[in-house]
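Scroll down for the structure; my scribbles are underneath it.
Note that the chains are named A, B and C in the order they appear, and that numbering of residues resets to 1 at the start of each chain.
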Amino acid sequence: MSVNRKVIAKNAYRITKTRNKTALRIRVPGGHLETKYFPLIQSIAEEYGNGTVHFTTRQGFEVPDIDFECIPEINVKIKPLIEALGLEMVVQDGGYPAAGTRNISACIGNRVCPYANDDTTKVAQNLEKAVYPHDFHFKIAVTGCPNDCIKAHMQDFGIICVTEPKYDASRCISCEACVKNCKKKVTGALTMKNYTVERDHDKCIGCGECILKCPTGAWTRSEKKLYRMVIMGRTGKKNPRLAMPFIKWATEEVITQIIKNTYRYVDKYIDRSLPKEHIGYIVDRTGYKVYKEEVLEGVVLNQEAKVAENIQWSGYWYNQEENFK
Amino acid sequence: MGYRLTTTRFDKYLTNLSETFDIYAPVVQKGKGMYSDTEVVGYGKITCFDEIVFDKKSYYSPKEVFYPIRETLFYFLNDELKEAPLDIRPIILFVRPCDINGIMRLDTMFLENGGIKDYYYLRRRQLLKFIMIECTEGFDTCFCVSMGTNKTDQYDGVIRVQDEKILFDTDDEKLLTSALEENPKEVFTPRFIEENKVKVTIPEPDLVTKDVFEHEIWTEYTQRCIACGRCNTSCITCSCFTMQDVKSSDNDHLGERRRVWAGCHVDGFTDMAGGHSFRSKNGEKMRFKTMHKINDYYKRFGTHMCVGCGRCDDVCPEYISFSKCINKLNDIISEGGSND
Amino acid sequence: MINPYLPRPYTLLNITKETEIDYTFKVAYKGSLIGGQFMELSLPGVGEAPISISDFDETSLDMTIRKVGRLTDQIFELKPGDKIYMRGPYGNGFDLDQFKGKDLTVIAGGTGLAPVKNLIRHFIMHQEEVQSLEILLGFKTPQDILFGEEIKKWADQCPTYLTVDQRAEYWNGLTGLITKHVSLLNLENIKEKTAVVVGPPIMMKFMTLELLKQGFLEENIWVSFERKMSCGIGKCGHCKIDETYVCLEGPVFNYIKAKNLLD
């Protein structure tokens, strides 16, 4: 049979290890889905696949064991779900794009989690609208707080929702719950001076724990939603590493613009001799300074935002297995 | 006899009252909830009817309006002490019957206990008038009926809100203004809630012996309570405070002494200079508070301190229910109080 | 309306070093006092704390203070002539009348001697007012002994036993915990004897148990509690034990009452 592997992969289907069999991938931006779509996924799995579904690490569904010739039929059936997920904008070849920029995943966020500083699914969905679809291989995730349950530090772009805590001394009873907690669990950004808490803004990571710990509401959240973005984390067979902070106290608008600009940067610097090149390696090649200049071009930073002067990524190289020598 | 008002008319009345009073009521504080994108209902200044929240209980009690969380007692400059001036206007407080009863408990502590009137409490308290919010339904965690605090006549005005209709009554001359009297009269006798979902049985104070101090019920709370102090800070009747002295950051000779709320559930409450402290286990703190609210206070003043507002249940991050604790204690005591 | 929270300035007359960390501050003061009462002592801007009155006469009062924190550190920097702020006196203190005509034993551990010093001094001077007087005192080390010179004078007037917890160089006196030395006391006619016990919570607990074991009657034992009162007037809640406010009904309690005050 004849299959255009490139087209297939760009769309929602993939090459599998079984000849003539494909798998349908459904991205779920922000990882939150109305259960009314489950019967549809179930029926596709049972009718066209083998009655199983895999939850992907990026929070999508993968329905395996589907015949290539069923693709057009499935595309018709899956349409309502694709539309509901806001992915309908480019319905070409009767399918929809899935590869390239991966599903933007999110932790449960403030729809459930007390620690979350934002509705991470909403942030992911907003971002999805801004960047989807795209051929370049970007991995983006949104996490509700610096606990980073979604592992934003393993992404090309990890967005960490934060809040800038506001302190009303007139409500403070000097119980030090916030101070002790920050010291024990976070960065020790809070100190008690003259029975009043002082917050070291440079040390504060905006996790919002002080607000949660306060028994009188002396600590409250900033009206503005702010984000820390860590960049160029990765796994893979060369140099796995954690993402490092690029910008903190930035608005959604600013981080969206930076990610969009990164597509332009990749387009300009990518090594097209390779089947694909991950952004992190491009940044390694051009250097951080070039990257920073390119992606901040035209971005109007909000007043609170602060960009990293320099970044040294850690991680290790598989080809230097020092520990085993 | 009361007055029937439309919201527009009531707003006019409030505007009229605002000439003399600052008016405080439960209001929605948007974005001020502990969690992101949440609101909290707390006491705040209002100017119109729509701001008043009638269908929810406030997270914090109204006590902060007249018993500030932090209150400067006096300033000092070198050897001279200067009493902190009171720069507030008379206050009207929209409150439910349970909270009015709670404020009576605070009055007892601050104005009767020990025989000396608390100067700073009194000077604010004197400026307070209550508009009772008629409360006939209550909320999930309320147990005012069990505490006998569902009713009161200690109010200066009373309001009923029913289907966009406002009934208001007062016989207070300061509240009886032309903006009220121009409204049609209607018979209005305030009703009180007669039954809560939660009921408690207070152990007979005479039967509460020291044996129950050793009961394992408190061990359970040692495991559960995290000593955050929310039950104290949200309570309408918790009255404890601590002194704080502060010097101005740039002038050593200038400063103030203030008092701030303190709570028996918060670590450090019993700390003495030199390091000794009492009730270090959180279950012991729970026992102390429980006894204060439903036993000790009664022995001094003949009423129970707790008014069953249920706020401590509402705010506890560990889902410790005070009403449940009271009932458990009662079961233990009525069964003889031993661990078996 | 009286503002009970406003302290008044008083002049510091004299400072006596008792130990490295305990000084006695003599303050000019006129007014009626009872030994064992306490003052809310403060330095504006530094803090306020309850301090028991260790002794007094017509024109002054003494407070023996241990250097244990922010406020007391500052107080230790003061010089005679400086101003110190006080409000009070608060609490009941030791009513001398109730000890008159008794066989009185005063037992004090460490800084617990301060609140009973006036009581001891009074009955040393007026031995005719009591049937008998005995004193048992305990300190951690010889360096911790308070009112050392006066204790020597007391010893000339009545049976006085002084022990330190552990054997120490240049110490020929008694050693061992104070509770070990109860047997030194005259235990005859014990049911008629009256005891005053003041010291750290642990010491008071075990000493009262020991006295009861020896045969003292509960109603003849008196203790004094220490708590961190913020107000002194029954409002702040810090000294509350059960339905009792130490600042109002105490700090001196009869054992019948004290045994039921459980923290």
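Definition applied: a residue touches a chain if its C-beta (ideal position, glycine included) is under 8 Å from a C-beta of that chain, and two chains touch if they have at least 3 such contacts.
Quantities reported herein were computed from a predicted structural model and do not represent experimental measurements.
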{"item": "Chain pair with the greatest number of C-beta contact pairs", "value": "B-C"}
{"item": "Centroid comparison with chain A (C-alpha atoms), farthest chain", "value": "C"}
{"item": "Closest chain to global C-alpha mean, per-chain Cα centroids", "value": "B"}
{"item": "Chain centre separation in whole Å, for chain B relative to chain A (CA means)", "value": "45"}
{"item": "For chain A paired with chain C, centre-to-centre distance based on mean C-alpha positions, whole Å", "value": "67"}
{"item": "Chain B and chain C, separation of their C-alpha mean positions in angstrom", "value": "38"}
{"item": "Shared-contact residues (touching 2 or more other chains) in chain B", "value": "242, 244, 246-247, 262"}
{"item": "Interface residues, chain C side, partner chain B - complex", "value": "1-7, 9, 42-49, 66, 68-69, 71-72, 83, 85, 200-201, 226-228, 230-231, 233-238, 240, 242-243, 245, 247-248, 260, 262-263"}
{"item": "Chain B to chain A touching residues, read off their complex", "value": "31-32, 34-37, 40, 42, 59-60, 68-70, 228-230, 232-233, 242, 244, 246-247, 249, 260-263, 266-268"}
{"item": "Interface residues, chain B side, partner chain C - complex", "value": "73-74, 76, 79, 81, 83, 109-110, 113-123, 210, 213, 239-247, 252, 255-257, 259, 262, 264, 269-276, 278-279, 284, 288, 291-292, 295-297, 299-300"}
{"item": "Interfacial residue positions of chain A with respect to chain B in the complex", "value": "110, 114, 116-119, 161, 163, 169-177, 194-196, 208, 211-218, 220-221, 223"}
